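Next, two complexes with subunit A in common: one pairs it with subunit B, the other with subunit C.
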Partner chain A sequence: MSILNVAKGMGVTLSHLFKKPVTVQYPEEKAQIQARFRGRHHLLRHPDTGLEKCIGCSLCAAACPAYAIYVEAAENDPDDPTSAGERYASIYEINMLRCIFCGFCEEACPTGAVVLGHEFELADFRYDHFVYGKEDMLVGVKGSKWQRREAERKGGEVELGFQAGPRPELEGVDY
Partner chain B sequence: MDPLWVIFLKAFVMSVLLLGGFAYLTWYQRRLLGRFQHRLGPNRTGPFGLLQPIADAIKMIFKQDVTPTRADKFVFILAPGISVVFALVTFGAIPAGPANSFFGLDPWILDLDIGLLYVLATTSIGVYGIFLGGWAANSKYSLLGSLRSSAQIISYELGLGLSVLSVIMIAGTLNLREIVELNVWSVSPWLWPGLIVALFAFWISATAEVSNVPFDLPEAEQELVAGYITEYSSLKFALFFMAEYVGMINASAIIATLFLGGYKGPAFFDLLIPGMSEWPFIWLILKIVLLLGVFIWLQASLMRMRYDQLMRFGWVWLFEIALGAALLTGAVIAFVL
Partner chain C sequence: MKIKVNEVELDVTPGTSVIDAVFAAGHDVPYFCSQEYMSPIGACRMCLAKIGAPRKDRATNDWILDEETGEPKIFWFPNPMATCTTQVMEGMVVDTISKDVKKAQNAMVEFTLVNHPLDCPTCDKGGACELQDRAYEYGSGESRFVFDKRHQEKHHALSELITLDRERCIHCKRCVRYFEEVPGDEVLDFIERGGHTYIGTLEDGLPSPFTGNITDICPVGALLDTTSRFRGRNWEYHHTDTTSLDDPSGAALRIDTRTGRIERIKAGLNDDVNKTWIDDGTRFGHEYADAEDRITRPMVRRDGTLVETTWADAAREIAERIAGMDGTRIGIALRGDATLEEGVAAKALADHLGSGRLDTAPRPAASVLPDGAAATLRDVATSDALFVVGDPTEEAGIVDLRIKDALKGVEPAPLFPHGPAIADLRLKERMPRKREILTICAPYRTDLMKHAGQAHVPPATSMVDLLHALAERASATVDGGTPSGAWDDALGMTAAEADALITRMRSSTRGVMIWSAFVSNDPRADEAARTFAKSVGAKTLILGPMANTAGLERISVLPSHDRYDYASMFTPETKALFLASLDPAVDPKVADRLRELDLLVVHAAFPTATSALADVVLPAVTGYEKDGTTLNVEGRLLPVRAAPVEAGTATDFTGVVKQLGEAFGTRLEGRSVKSARRVLRKLLDVDAAELPTTGQPLPPVRGKASGARAVREYARATGDALIVPSMVRVEHLDRNPHLRAERGDAALRAHPATLHAHGLTSGDVVTLPIGGIPRQLRVTASEGVPEGLWLAPTLPEQPVGLYDANLAAMVRERSATAEVA
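Up next is the complex of A and B:
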């Protein structure tokens, strides 16, 4: 450790003292999320017809390395179809405690029905509150279960703590 | 000379202030280190995170206090006490203003003719806290850590003692108040080179004495768990840290007193408000805060030395540099002035 090196190093740290901190004051300031961030899943609909994209094939459940997805399929009523295919998912559940957010379900999905969105504020108090059903993930549902309960209790809007760039796979999802 | 009860009262107030200073030094350190690293540091507890030290203290007090079964109980409890008491006692000799300047009271507790010697002695006794603490814990990590820390602190005391020689020779007194009143820099420009080297050597020695980075081997997380405080928990652990941080305040105060004009402010402030440079407390506190900032700046910049590097640096370089400064000053006093 020569004196010159020490002086040089101290000069470097001193110059950093006067720079602006990069800290994001998260709950007050919004976190900036990258477009490819993998958060809570969304179940998409066809934008023109409004039919669900999911056809209940369970390929996502097969691809899931954490066994977090449970799908039960049912036949579509031809007069009033739920999805665009022959069958639809009557039960579609993802356990957010098991999910590792790897995105394999999204890759496995033949219809592009399940897409990992940007929401990451999934903390909750009970085990069963972490099992997200269709009603929690279909397009148009904003926020985690807890955020929605909280918004209902306070009578306000769901407020998400982040901002994210656009992502084409997430058509119809509104942040 | 103040009456005895006033001296006791001042000592009590000083202890409380120093312990408060310790608490807020941790805040200052964490905030400043944060800024050095592009972070904000703790800012959640109270405005600007100012209540953080209080929260930390409450947490520390309610921690479980574990004493190892085979520890020497009496010494185990005594050791942190020794550390913190002698850290606090050191500050008593440092003058914070001219005589009678604080509402007719003297802004110091002890005005000793051997002030500087007293300061060096009390800081040395602090080593016993480290050594006894490591020994009493009856753990090999504690023992090795304490041996190493004691060796470090005793080695660097040489540099400390030799580098103050220049000041003592110029001032011709060990009384800290008289040293401040004399102002060693004003004696002769011929003495400046020796003084600058002495300041440099004193600073490095003081950094090692208070175990600041890059001489923070007593902490030694990697190889010795936590050195001599391995077996300590709860308040006893906090007391050791208290001693270390108060030691940092002491070191800053001593550097300020010996080399940087102590309790006196810059003379040109007298043009703004007459007598401002003679105000008690503020100038010393300002200098202490600035010097603590430099200690924290060192923490943000440098990495820890290896033990052999530390010993070699202390004995081969620092000792000689401090001795050289003393010889230089002595030669100037003898032959030039």
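Up next is the complex of A and C:
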């Protein structure tokens, strides 16, 4: 190894010393998330009717390699339907501790109801806090369970620690 | 005869359908409309294959030879043929894999899907659907359809139990044929034609006791079980292959459970027993197992109230309270659908306590075991002379269906390596039925009578005389003698009719006589029935009141003396009682007696009138959650397997004996299913753990059956209320909402004239004390009931038979007219 090679290597290090740092001062500063990042799931609604897209078919649960999803279905009340069609998910749960954020559920879903969004701040204290139900994932719900608890405690809005570009699949989700 | 399927040469029996030959050769053709046990009709055209055969020269009667090879020349049919309706021919060649065939199959899948809604994600059949599978295997994988599909009703309730999706129907006609061919109740048909064809009923609903089977055989998701509607997807269910403990037929079941709940029951396949059919009571009567009020933990009475506790504590309490008690004053009673293992456990407990007061209930006065070997269900299905005393439809639905098989007169086909014949060409739509081979006697008009050549409805009080007279006549004529005629008045039919019956039974080679509780309840009637069967040379099939009554009798779960039987447990002689799944306190007099006991232990799955009086309540499992063995009506040992149902710490009776043994400081035989099976091996010489799902016949006992009670003072049964068998278990009706909605409340049936005489109308709800038990029943007019007689369905605590109805004490709870208003 010649001196020259060492100098070259040190040169790289030296040049980086003068570049703008890439470190983000998270959480003081918001992280910029790429559009294709896969985070916490959203359950979407049909934008025109407001009905849930999920029909409780359990195909996401079947596709999930981590057995993270549990679905129970029920029949829609024809006068006051929850989803379009005959069937809706009466229970829809994802265990975020099991989930590996592979996106298979999104791929399996025949109605585009479950889509992986950008939220990643899911840390929490108790096991059951990681089981997300419909009320935690339906479009319009912002933040993780802990973030929402915090916001309620403080009486403010949920503060997300990131910003993200638009993604067409995330119809109606607003960060 | 020799045929060739693709490159496989095989030998098949003449008459075989090509589709079965193809499967026997290890090849595969897709099919929708054919179904094992039903006529092949060639409706779906899915089973197409290219078929060719050599031809003979008319002039010389020699095979026409291929000039090039010198072999017989194969003449191909111009078009692909439906293999299900084509019979094999000598030298036939079948091609199921060439390009032409694939193209035809592919086109058929496409055609079948033309109007199919493709809503698999919301369809309860999805994942276990024949159309889905075939479309995947044989379809082209993409759609060329851009136009609108046919729209029809998506969830039409054919009945409270069955939902029809008319868009999904592919018009295979399985369901329509099923009703005509299997139960013989034509209640469903095609309406309209062409692309507009749909399935419908004439009147509302499906008036047949065997409707649920169409949900199993529908190849698509058009006919679905309403009790499991949207409860889970097929791949999420845990399947348990077991045997029904609902009635003594021993039908094979598949229990589908999810997250600790029974979501649905489907029929299992047992070619010898139920084929692939089960009755509606068995299929839809499971919801009670998941009822909210299940007892899940032991309870002990402290300061007058039952408080939850542990098993060990409950067992200790029992042990302390019976310590030093005279064993003969302790009684143990099991319900007749307990498994053999539970029977062994109960016997071990009785032995340990030194009690001979051990019994099963309900148990008729006469033995339910035949002398010698019982007729098998296959014997019934192939019989050429049947004599039925009773109502098999309600007592053991499968027996009803096997009787109807016999009327078709088609011997069951031998099994292929791939199972029952897919297309048995001897079966036809609307086959003529040999009604003349079936004679039925019952004290009211039964459902099966409409299929019988001769039906007799003698007065309920004189069933015994009728049998006696028949037996007399049959014995007198054994050697060509002449009957005395002394009993002729009691025949309930003309002497000529009786003689015709006797001659028919005697001259047949496969005569079978079937009887049930109406006979077994009276030792004299039972004796007469046995004499009759013997003197006409008929095999016998005795329907016990409960699933395993015969089995428990076989292993002698019986009192040591007649005076220690179940009834004796409610006399002041007893001080302590163990009651498993029985509810005798529905009788207020018995309830008073139970209050005086020193110790009442109730093993029950639900709170009952009896558990409310108990000192200790132990949680029990239902018949779906047990491991064990049962003996069906034909003497076949069948495995009962536990489905994973959430029921806390509930156990079967072996679990009770285990805990009690520990409290007594000893290890009782039958403390677990495994230990009980060791005892069974000694008793019956079979390894119950190794039984196949289809069971195994148990060699009959030699000599007289043991369960018969000695006839000391014989009293002829009298009364104006007849308790009749019921396919729908009345004691579970409240917890079976779907079944109840379809089949209605427990009915008090009477002739319209009788109702009129008592100022009642159909639909009134009354409480009527029958034999001391106040029964809440819905009044129903029925022409089939003899005038002056009241019919009510049985309870385990109120076995089939005659009772006194206390009409003076009848209370009208609700009147039909008030309800309308």
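Keep this in mind: the second predicted complex is superposed on the first by the 175 of 175 C-alpha atoms of A that agree within 3 Å, B and C clash if a C-alpha of one lies under 4 Å from a C-alpha of the other, contacts with A are read in each partner's own complex, and residues count from 1 in each chain.
Please note the rule applied: a contact is a pair of C-beta atoms (placed from the backbone, for glycine too) under 8 Å apart; a residue touches a chain by one contact, two chains touch by 3 or more.
For clarity, every value in this text was computed on a predicted model and none was experimentally measured.
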item: Fit-or-clash call for subunit B and subunit C when the two complexes are aligned on subunit A; value: fit
item: Which superposed partner A:47 touches (first subunit B, second subunit C, both, neither); value: neither
item: Touched partner set for A:62, first subunit B, second subunit C, both or neither; value: second
item: For subunit A as apex, the angle formed with subunit B and subunit C - C-alpha centres, to the nearest 10 degrees; value: 130
item: Partner chain(s) touched by A:6 [first = subunit B, second = subunit C, both, neither]; value: first
item: Subunit B versus subunit C as contact partner of A:110, first or second or both or neither; value: second
item: Partner chain(s) touched by A:86 [first = subunit B, second = subunit C, both, neither]; value: second
item: Subunit B versus subunit C as contact partner of A:16, first or second or both or neither; value: first
item: First (subunit B), second (subunit C), both or neither touched by A:165; value: neither
item: Nearest Cα pair across subunit B and subunit C, whole Å; value: 47
item: Residues of subunit A at both interfaces, subunit B in one complex, subunit C in the other; value: none
item: Residue numbers on subunit C that touch subunit A, as the complex places them; value: 119, 121-122, 126, 154-155, 229-233, 235-236
item: Residues of subunit A defined as touching subunit C within the complex; value: 55-59, 61-62, 72-75, 85-87, 110-111
item: Of all residues in subunit A, those that touch subunit B in their complex; value: 1, 6, 9-10, 12-14, 16-17, 19-23, 25
item: Residues of subunit B that touch subunit A when the two form their complex; value: 32, 34-40, 214, 297-298, 300-302, 305, 309
